[in-house]
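Multiple structures are listed underneath, in structure tokens.
Next, two complexes with chain A in common: one pairs it with chain B, the other with chain C.
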Partner chain A sequence: MSIDTTEKPEPSGGKSRGKASGGERFADWTDGRLGIYSLARANMRKIFPDHWSFMLGEIVLYSFVIIILTGVYLTLFFHPSMNEVEYTGSYVPMQGQLMSEAFNSTMHISFDVRGGLLIRQIHHWAALVFLAGMFVHMMRVFFTGAFRKPREVNWLFGWLLFILGMFTGFTGYSLPDDLLSGTGVRFMEGAILAVPVVGTYLSFFLFGGEFPGGDFVARFYSVHILLLPGIMLGLLAAHLFLVFYHKHTQWAGPGRTNKNVVGMPFLPVYTAKAGGFFFLVFGVISVVAAIATINPIWAIGPYRPDQVSTGAQPDWYMGFSEGLIRVMPGWEVNFWGHTLVLGVLIPLLIFPLVLVSIGVYPFIEAWITGDKREHHILDRPRNAPTRTGLGVAWITLYMVLLVGGGNDLFATHLHLSINAITWFVRVGFFAAPVIAFLVTKRICLGLQRRDRDKVLHGRESGIIKRLPHGEFIEVHEPLAQEALHKLTAHEQYEPAAIAPPTDDNGVAKKLTRGEKLRAKLSRGYYAEGNQIPKPTVQEYEEITSGHGHH
Partner chain B sequence: MKKLSARRRHPLAAVVVLLLALAATGGLYAAFAPADKAKAEESAQSLTIEEGKKLYSVGCASCHGTGGQGTTDGPSLVGVGAAAVDFQVGTGRMPAQQPGAQVPKKKNIYSQAEIDQLAAYVSSLGAGPAVPTKKQYDPSGADIGKGGELFRTNCAQCHNFTGKGGALTHGKYAPDLNGVSPKHLYEAMQTGPQNMPSFPDSTMPEKNKKDIIAYVNAVNGDDTEHPGGLELGGLGPVSEGLFGWVFGLGTLIAVAVWIAARTAKAKKS
Partner chain C sequence: MSTHEETPEEHLPSEQREHGAEAVKRPENPFADPGLPPHEHRVQDIDEAAAKRSERAVAFLFALSMVATVGFIAAYVSVPQDKSIYVWPLGHISAMNFSLGMTLGIALFCIGAGAVHWARTLMSDVEIPDDRHEIGASPEVTAKVKADWVQGAKESGLGRRKLIRNTMLGALTLVPLSGVVLLRDLGPLPGTSLRHTAWKKGKLLVNMNTNEPLRPSDVVVGSLTFAKPEGLEEHDHDFQKEIAKAALMIVRLQPENIKDKRELDWSHEGIVAYSKICTHVGCPISLYEQQTHHALCPCHQSTFDLADGARVIFGPAGHALPQLRIGVNDEGYLEALGDFAEPVGPAFWERG
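The block that comes next holds the complex of A and B.
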């Protein structure tokens, strides 16, 4: 972005051309103090390409705004305290029960504050959509290769936002101090306790003593409404700034190059579209919140450490961690009077690995390709079969673990044995990603072959022609120039060659282990059989020159 | 006597004898039957048991043994009591359709009178909890809040927060409590059918059982109010997450596609 803050624009109201209009004077006044002219000039006409998948991030942004707006309303009535009170509100089946002030005030919001329940439900539904939107947005970026240089850092920002979103969601889910969330907090405490040596200390620091204590709601409240959203707002600003700075990626097409952006200007087209979209997002989430219950704490009841219910799951974004714990065998090691709870510790270690594996992917791919160029044209997922396969494998792993997290409901609703589902998930944890990778890669290669076939032989028209000598052939129509461009615009990497075994002086070089690994991985990505060579100009001309048919 | 013996081959002789015999039986019955009330009731009871035994040998004996002693296919019924029979047969669980991890409830084909006969027979095998009276299980006036607390402490582990049911090991499950009558709820607590532990009056007094029944009726009945809108099965975050993905994000993506398809046309300038 070319914002030069040191250069002040000339005051434009100097010449006497009659009295300027009110708007103009206001613009002058603000420009003289804020320098908005140069800022607006540089950015108002910023061009953005148009595609539905580029609006997934917008869904996320708007649901974040909705969460903040509704969250502020909820803070007006919520009491983050664990003092015990007796419920005297208007929900009859809970009257006379002892509960924390946090739960009591959430009941108050739900039944006795005007619009409170709707706002609570909008807040919670928006949170689910926020996380789901981030997941889909991240996958869009992944599968199209939009994370490549120069956008790796922005990928990391987005990835961090996803992780922080998970924890913000978890702390928010815990605030009402209901039986469901309390069970979730207990689960987390168990995970912390499983950390060797320092686990107990960490737990005592977090809860201010023995679980549950009287502190955690107030502490989670600060984290939920201040600490994490603050960091997220900062990251979000940086994320959007980088989107502006890098300019948006675009799909390949006629007239679109790596050096331009073809689309509509930010003002007025996208501001209007985005503004309208914001209200549509708000509307859809409000409708969902108005018709469907979420987290009915009145049915769940207040948290008491001696109570627990079946079907206690976290919100979906934490579901894969629940799955990890549920399917892990309950292994333990005892030595010198200490217990190492592997049944919890191993899932606790795999949890970050699942997330990190997707977070660091751009750097791994950049290392394998050795590509230092900038990329502003998106890949079609089929044209990067190995990357697409890895992405699908990751999603499959995630989904298998989600099934593990909901194993009890799968058991009751599909009339299966919960033990059978747990074993399915255990095997699936290792096998399903591999199968998904292989299958996806084959599908991608098949699609590449079809593209190649279409380019060289045209579209199957469905018209059968009989030749004079009796042979039947199907007439193929050549593709339009635009379609040809789309199918052939991608570039294909060569597998990284291993450096020559000798240097300039003929001295034998020793290959490092890293170089060997890189060459091997590169062959896995780009060697023959792992991508279908796209048709060359010669091939195309040879076939379309009209000599003979095929 | 001669006259009688001469006519003993008369065609109507057999009819006369039959009439005399009937009169004698009837007369004797009339003479003895009303004499002792208690005796008459006992014979009615034993008749019920007789009837119950017949029903038992048709519907139950193949698994529970001819005398209720139990076989490899079904447990002994000695001492389970009338309440257990009333619950198992009344909810259609027994007679079981097929062996399996758990016997599901199904349409009950016995009349209440037949169930009572079966119950009478089974309780004659050994003493057990009796079928509760309406006064015992009627939840009107019970403390719903207390019932909720008791439910969450004793029942929610398997039956979910509001009795929507849940999974147990190896295909067993705790069923949904929606639509279960107060009597059957009471009997289930009293007798602990299938995988359920029993809560006799010594562990959970009658009053607490009533509280629990009142709570279940309030939160998982047909006229339960759902202030938040659709209940989504009352299953918690799993169904909520699914709904959020499909109807929340799904709709929004459809909206995004719709907006992207309606783009401004660039003016030539």
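The block that comes next holds the complex of A and C.
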């Protein structure tokens, strides 16, 4: 056996101009060790389709990067300790006041570190953008059906990121140990106490004893800067990997099929656009942080369990849980020396249910349709009226609870009675999603009918024509084939025909409860009246080809 | 399609096609995918002068970013940290935060704007189709993987040697218990600590603001006074923990207005002392409406009637505020006649 000591021939050997450039030689060297060329072959010229809504996820990604960059900077100055110290910093109105080291160091960052306030505000604003971006991105994916096979797992990753993002936000918000966030932590403690059997134990373990104790800032700190971001980083990497691996979804259109992806290559177009977009997002958030104060802890003051300010609000992403707790009647059941605090426990249970209901949706829809195929063409929301209706119902529920979470602000700003708002939210919690579902579905069906008319009768041209006998009519222009294709490209499911199966002797078997439910749901999604049949070629031919056939 | 039957033929698409010049041949299937439309050139693709203009615009943005970064450094070293400036319409704001944020924002934004403008005007915008491949493996690969798995499992003998399998599962199930046990020292057990506060018989009611013991004459009708037990000082190590339970809210009512018998018994000359900690989730109650004797928690709007045993009249709280029994000592100061009879603050499982 001979040992071959020569390197592989350089890929650039074809060049007659002599030696490869330094960069190229470095790339060759790296490839020999890390195999980067095989990786680049599939990804460097990866095709991404273009649509404004695909940019929402990018905003989220970039705000996450911004949060990490600014967060690392903040850790250099922040002291996660609850030891009481007297303030001696440069903010005069607070000098001599007792506060925790956490609050003191946040004051130090805000007033004595040059640019510290800016980084703090960028961090906080980026966190709000991060969560708002995830919410909107999730809705984009939901309403276009981008969660369908093969992307269900990626939907779950994204959904987990949203939930972890909420808790990372909450723990970070609590770190300065200011009066507002401390009140939020107290709320959390009260909620934990409501957990049957183990509530007090959980609370004592979390706070290292009685509230507030001297531990929670340090504990929240490690959760906020290490545990949760670590998990999120892993999920984010998996999320992005799957986006690359699955290749991005695209809208229906000429030349765009379920078997291809049409767009521009990663290098150079998306490297420039996406890379540039990072700077755009960072730049905009910096400007916002320059002109808009967020969480002015110097105006709020350090936390004291016996003090509170009016208008106490969590950050927006926690608002819906706040709404749940505010509008719930204060039910308490006492029995055998125990208390079941339903008034807090029920909101505490509905909170995850609201989130889980959207998280499991892709699996429910897949079960109803029974569709095992891959879907890479996005649905227009109108073409899935029931799904769109459910999505809007979910958002409506979320928004109603958000109103509940800010009921005091709505009352003071709109001069309304707080009792009236509370009752509105209580009723709205049940009624508003139903109304939203029905209205949305009607709108979707109306839009489907309009698409159908457009395909069959053409576009309204705006040209009014007078006929010889005096009648005025509007001329309709036929659509180009591209448009016809686009408006008819979607698939329409039939309601699942679940007949009682017969056994070998022809005796009908009984349907299971699950099968019955599925058939019922399937009818709700796809039966006549729940979607408008798209025009067929035959219908089109009949209407358009005729000379006097009408 | 009955609604369309009256439509004159002239307006039907086919008619128009004849009137108009576009005598396109009808495709077999009018809805069929016509394929990718031809690429439309941008002005920069055909006019080198326009491309040059784009190039200059991109370069300008990048240069502006450089200027802004220099501005950032200049602001960092030259703007005093305590200086505030008036910026319309924001009002008086920190000069440093504003100048640093704006320069950083411009520096970053211009890089982004330059890159995006470059991509949009000068890089190729020809759309390229790429094939997708089924995510799932081909049947051959699937069969091979499954066969390998079976082979591996067989060679491990896991299915055959039950003793190994069961002991291994047992060991793997038990080992995380160590981690759970280690969490025990996160905190002490609750015991009865939630049932007791710093109040005891004979403890004076100390005004939270003045740090002086209260006399009945200090509490006037319509006012709301916050109090803490004597001996609890802000500098104390456990002040936060103790005040979280002991914080007291004192009001004076006309004794004839007090509807609740026990409330009247536990009061002194119409002065009643209630826990300040809301029974919902523990916010301090800080709003008092003197006409109606209602106390309102600003967090979740639970409202308590202080003239009627502090029962809940609105909001999510589940039970009345605990009352502290008070009296007057020999020197004429208000004092507690014991601890709260029930736990203060949010309800919990063991509260009963």
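The rule is simple: the second predicted complex is superposed on the first by the 520 of 550 C-alpha atoms of A that agree within 3 Å, B and C clash if a C-alpha of one lies under 4 Å from a C-alpha of the other, contacts with A are read in each partner's own complex, and residues count from 1 in each chain.
The criterion applied here is as follows: contacts are C-beta pairs under 8 Å (C-beta built on N, C-alpha and C of every residue); 3 or more make two chains touch, one makes a residue touch a chain.
Remember, predicted model here, so these are calculated numbers, not experimental data.
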| item | value |
| --- | --- |
| Touched partner set for A:Gly406, first chain B, second chain C, both or neither | first |
| Touched partner set for A:Ile418, first chain B, second chain C, both or neither | both |
| Which superposed partner A:Thr310 touches (first chain B, second chain C, both, neither) | both |
| Partner chain(s) touched by A:Trp298 [first = chain B, second = chain C, both, neither] | first |
| Partner chain in contact with A:His246 - chain B first, chain C second, else both or neither | second |
| Touching partner for A:Ser545 - first (chain B), second (chain C), both, neither | second |
| Comparison of chain B and chain C by chain A residues contacted | C |
| Touching partner for A:Gly276 - first (chain B), second (chain C), both, neither | both |
| Partner chain in contact with A:Ala436 - chain B first, chain C second, else both or neither | neither |
| Contacts of A:Gln121 with chain B and chain C, given as first, second, both or neither | both |
| Overlap of the chain B and chain C footprints on chain A, listed as residue numbers | 111, 117, 121, 264, 269, 273, 276-277, 280-281, 284-285, 290-291, 293, 304, 306-312, 407-408, 418-419 |
| Contact set on chain A toward chain B in their complex | 50-56, 58-59, 87, 92-97, 110-111, 117, 121, 125, 128-129, 132-133, 136, 179-180, 264, 269, 273, 276-277, 280-281, 284-285, 288, 290-296, 298-301, 304, 306-316, 319, 405-409, 411-412, 415-420 |
| Residues of chain C that touch chain A when the two form their complex | 1, 4-5, 7-14, 16-17, 26-27, 29-37, 76, 81-82, 87, 90, 93-94, 96-102, 104-116, 118-120, 123-132, 134-136, 183, 186-190, 193-194, 208, 226, 228, 234-235, 239-241, 243-245, 247, 276-277, 280-284, 286-287, 298-302, 312, 314-319, 345-352 |
| Of chain B, residues touching chain A in the complex | 101, 143-149, 152-153, 156-162, 164-171, 173-174, 215, 218-219, 226-232, 234-245, 247-249, 251-253, 255-257, 259-261, 263-264, 266 |
